[in-house]
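Note that chain A is present in both complexes that follow, paired respectively with chain B and with chain C.
Take a look at the complex of A and B:
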């Protein structure tokens, strides 16, 4: 057990190092830099070259890539992610303020995606040849295909402008959470429902299910006891992928619904070439992905004894 | 589920306005309001901090914290007579010593030299409680106008920076900062304000980054005011939609900026004939009609006529046949679909910004229109869309042939756009040459009105001869308010909101 944990820790640290260094390389190789962004903010688009050069020197953007990365890494391991050049606040303060909002948005959406996705998937598998299944298939396809920003505006126009049931934006209580959650959840719910439906349909045609039916077990009991657990493996994989995407894919939702979370902050930081903030954001997102995928691994091992055996064997 | 939940929550947003409060949408959070830094939202700073001199409609300089001022005949001394009885929000007196202390934070300091005031003022003296004297190394007539901008020229209570380090936003303005977060900013009326205090008691800035959501929030009754170039911009398409909406009032103000098509003189566009042909091929009327809210907005000069000393406005000539003749005469021969000269194809790189902020306009659709127009002429235009940070770097590095830019607008113009876009020291010049440097220097040094008009006209004439740019559009200044808002008028410039006469209900 200890060895397994140690192996996971080492691989997590390696992933974080690779991801942050790659981000550093990308930031340096992309046109645009923090000095220019600050100069334009101070003096407008016609800022003087002298001003840009001075900021360049102040921010030590001239030093070599390994030196810059080394300095950042040295501080990061001590918990100091530096200061955001865009806002003047420390990156850790920014993350502390914004991460809970994104987490709240992502978790709410994940719950909706799982409940709706599983529900629709099971219904679709049970009623395989009926009209309901066809409608759910179309619904799932629409949920996956409709662009998030368009769906957001449709809902805002209908539910806020026309009916005035929900606020357009902001974080002002439960009513204001519904639209962002739903919009963020829909593509994931659509994908999960299709995977659940296909795996369950496949499982339901297996011999053990036929045997259960032959024993006279009620229909729903067969689905829940003999079908779903066997369909769980593939479903967990797609769920893990989409929950991860909920965290990082919240940019549009955060912007449209004025929800100042990590996603929109990260994109704005990239646009400003706010290097410290970008690296801080990448670190958090990478960490979140690692935790989610490892978490799903654990759940899969709990639900599938074959995986536990494989680990012991290894 | 949606319907069921909505039924429980009832109407949300529209009725959450406390009495005497106006809710204003802002695209950016209030941020850090340190007056000497460049981090905070302009309007929030403008509500809290005041200048010595205010920028009025049409560029008229008006008394603010200085009741009057005298400029010495040699232009080397400017004396400000400060208003008596003004106090900061913390009760500290605003006097000549407080003013001097503030000015010394940025005048002569590195990092503020983009304002020439910072480099020409050599001494700041408080000769008595209400008299402040600035000594200059050379006459600089635009100094008074430079003192009207939002940062870093305004005044913080010295008690709010006890060790010289900013602590909290304490100014003399009509609004006192109460609180701000990433989502809101709350300001309450300064009941001890030296001028006419606003009727409203409270201003709530609500941060809504997306412009379409802001329009919806106004229509849904969640905010009372949107608009302004920096506050919460409304584009021409949204303005057209709002104009036909009886639940809101759209106000349209005269433009103070121009979007220009600019050329890189070190590229193929460095050849005058190429620039002239592109100018003649650009159908500015149609571009405005389709993309920018109508032909009334066609630009006719480097500045719109609302900017002081904007010079003669000239109608743009659109003549595609003449454009072809100009290129023929210059030796650009049509070979198939593209013109060629000395074995080189006339292919130009148009740099476009994907995320235009900081006063730049969205020019991507104009780029497409231009690409079509030039294709018919045998000029291949390659559109290259980059983000803003990359755009400024690419322009500074000269990695473009054509680009769009926008002038600064009030209260900066004409001086700041001219010195920033028309001089050899700029990172992103619209046009730069030593000859033009000299003309610009004459213009910014001129002091009387006739001299100023003539000097600026000389700059515009020079640019005209060079075909240094193509003026595209003068975007109107849009604001939209709910029908409950009364007394709101378009402010003198886009960094200011005058809420003094505004009432709700």
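Take a look at the complex of A and C:
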């Protein structure tokens, strides 16, 4: 158990090091990023020459790139990600201010995606006649295929422009949350429902499910206690991947709906070539993605009794 | 688009048709587009669709149809290049890693893991932002992560190939390694990667559109669908022709690609888009003479399975009776319909099975019964013991929870625990309190089968159905389990229907025996018939069993191996040593040779004389 966590931890840290170092190199290799300009920008607006000089020395901007990266890393570990060129505030402050809204958006969408995805997946696996199953299958594939930005437009035109039920954008109360949540959740829900359906269909043909029905267990109990736990085990990795992909979707959804979160902030930082913010954003998004996708693996190992304790009976 | 048999998969062609049309439009863009996609005409801005501009014009007066078609050209060109890079890099890396093994393979695996464990779109975004959004950078940013799945697929294929004999043979021939890689390893890796590429088109098109939508993909004025969409934003309420067509185009490509992916991702035999279950005909009531003495009575029981290849008949007109306290054994080889004839009437065979005829339990018709009736029968009146207890017990649940589930509702909550322990003790499990809290993997095979028997008995059934209950067990515990079953059946006066191919055991514990071949009953009667079988198949079965107490040197007689046919005549005829031309004419009905001993053979006399 501890071994699993340790192995994931080591590999996650390695991945983060590689991706931030690559981004760091990429940023420093672009023209215009001279040591002086970096020091001036990092010192913030209205800084004195002394402050700039001190920062120049502190960041060791005259040393080689790996050394500079080492300095960045050393500060990042202590929570100092430098200063945003665009706003002049520290990157850590910016992230701390934006992250809760993205978390809120992502959690809402994750709940919808899981409930709808598992619901539709289970229905399509247990439908005995096949009509509903076929409809859900095509529906799920359609949900995966409609691009998030176009879906947003369709809903805005219908629900905001035509029917005037929901506001077109912003983060002002429940009505303004519905469209971003749904649009973000839809592709994940579709993908999850397919995986659940395929996996549950396979599980329902296993002998222990037949045995449960043979001892008179009611249909819902067979699905919930004998089918789904096995199907869920097989789907957890894929499900986690799609929940992680909500981060990617949040970039588009936040841009379309003017949502004050990390996604829109990251796009703007990238467009502005805001060095510190881009590096900080890459770090935070990669970390969140890895936490979501690998955390599931650990959870799965904890919940399966066969892996939890492997005693051998007589 | 051809399956292995060389037959064109028509469904696949239909599913990929939209994709093919878009590709065609992309290639023919210079000829299809009525106007230049970049020619502005401010005097004709935001025009609705008309004969002149089929899809209207945008805010700069550019022809929307031309932009749409040229956007296909842009999108498909980028996709083609990205896929070519991803495919080449992925297949080469994956194949080399798997072929070379060792450090090389570990490095490749690590790179694949790295690429797959990162949010690719967000990093592509950063790359484009930092390096500038030129087409070249877009292709670079997308390829940076796109190669990984190809490498994984290729690596898997080559690992499989390396383990095969073909690979060993090439090395044995002394071919140069480079030649082996180029001529044999790369093709092995490329095939599954190519299938993946066909389903990856949608993902790349969608990513391109997404990045362009954010202003970091294809730069204006080159038309691209995502970029057309973001430009249509201010006119959402007024100009539907600006935002509908580009979105529809992306959706169409992605949908078609996803349908193909779904289609190719499932095994060919399951590729139908919906299962056409035959309408359940309510079977014509078969008149059954009520006999209070009989617990389970089957007449004309027929089970067919709907398969993609057509309908196959697994059980054909089977009849039997089981009385309370009686042990009836069903014998026959694998595929003779033994299990199917028992599980079919209980509704345990899944949706592809069609059950016809009549099976009554205490006068209640089970064939075609509604869900409520069949559920009230399962567990409550009929307990089932399956062949392999490791498969029949849910590995994620404790033994106790499965036994509790099978208890009759009438057992009050407070007594359930005690009843479970009592049941587990009855089936001979040591330390039943503890076993109740155990998971199946913590028990031995014999203990698992005892636990499964406890679940079958928990509902206090009147009939126990045991489907080869000892086949999966150690030889040493087989006898114990069978003795346990027969003891329990005799103790509680249960009917026991026992499927087995162990004739020695059957001879010992059964009262009556039912011999099945090719889905039909070929001989039935009291168990003593095994001493003097009248059907050549039963004789064959008996003579193939080594038994203690036979004279040393007695030869086992094996039955000739041939496909059983269920056409006209006796199904066993092709393998029968005593067959004659009469055997192939018409159905062979069961007939009495002695009271209660029935045989389906027209040459019984010859059989008895010859063998």
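Keep in mind that, in the parts below, the second predicted complex is superposed on the first by the 249 of 314 C-alpha atoms of A that agree within 3 Å, B and C clash if a C-alpha of one lies under 4 Å from a C-alpha of the other, contacts with A are read in each partner's own complex, and residues count from 1 in each chain.
One rule holds for everything that comes next: contacts are C-beta pairs under 8 Å (C-beta built on N, C-alpha and C of every residue); 3 or more make two chains touch, one makes a residue touch a chain.
This structure is a prediction, so every number in the text was calculated from the model and none was measured.
Trainee: Thinking of the overlay built on chain A, is A:198 touched by chain B (first), by chain C (second), by both, or by neither?
Mentor: So A:198 only meets chain C here.
Trainee: One more residue to check, A:182. First (chain B), second (chain C), both or neither?
Mentor: first
Trainee: Classify the contacts of A:255 with the two partner chains as first (chain B alone), second (chain C alone), both, or neither.
Mentor: In the superposition, A:255 contacts both chain B and chain C.
Trainee: Could you say whether A:159 touches chain B, chain C, both of them, or neither, answering first, second, both or neither?
Mentor: first
Trainee: Of the two partner chains, chain B (first) and chain C (second), which one does A:237 touch, if any: first, second, both, or neither?
Mentor: It touches nothing on chain B or chain C.
Trainee: Would you sort A:300 into first (chain B), second (chain C), both or neither based on which partner it touches?
Mentor: So A:300 meets neither chain B nor chain C here.
Trainee: For A:169, is the partner it touches chain B (first), chain C (second), both, or none of the two (neither)?
Mentor: First partner only.
Trainee: Now for A:45: first (chain B), second (chain C), both, or neither, which partner does it touch?
Mentor: After superposing on A, A:45 lies in contact with chain B but is clear of chain C.
Trainee: Going by the contact rule stated at the top, is it chain B or chain C that touches a larger number of residues on chain A?
Mentor: Here the partner covering more residues of chain A is C.
Trainee: Looking at A:15, would you say it contacts chain B, chain C, both, or neither? Reply first, second, both or neither.
Mentor: Touch status of A:15: second partner only.
Trainee: Looking at chain A, which of its residues have contacts with both chain B and chain C?
Mentor: 30, 153, 156-157, 161, 255, 270-271, 273
Trainee: Residue numbers of chain A touching chain B in their complex, please.
Mentor: Interface residues on the chain A side: 30-33, 36-52, 54, 86-89, 97-98, 153, 156-157, 159-161, 163-176, 178, 182, 255-258, 260, 264, 270-273.
Trainee: Of all residues in chain B, which touch chain A in the complex?
Mentor: Contacts found on chain B: 2, 5-7, 9-14, 16, 29, 31-32, 34, 37-39, 110-111, 113-114, 182-183, 206-210, 212-213, 216-217, 219-222, 355, 358-360, 386-394, 396-397, 399, 405-406, 408, 412, 416-417, 419-421, 425-429.
Trainee: Would you tell me which residues of chain C are touching chain A in their complex?
Mentor: 113-114, 117-123, 125-131, 202, 206, 209-210, 213-216, 226, 229-230, 232-233, 236-237, 240, 243, 246-247, 250-251, 254-255, 257-259, 262, 266, 273-277, 343, 346-348, 350-351, 371, 375-376, 378-380, 382-384, 386, 388, 391-397, 402, 405-406, 438-439, 441-444, 447, 452, 455-456, 458-459
Trainee: Give the list of chain A residues in touch with chain C in this complex.
Mentor: 11-12, 15, 18-19, 23, 26-27, 30, 128-131, 133-134, 137, 141-142, 144-150, 153-154, 156-157, 161, 194, 198, 205-208, 210-219, 221, 225-226, 229-230, 244-245, 247-248, 251-252, 255, 266-267, 269-271, 273, 278, 281-282, 285-286, 289-290, 293-294, 304-306, 310-314
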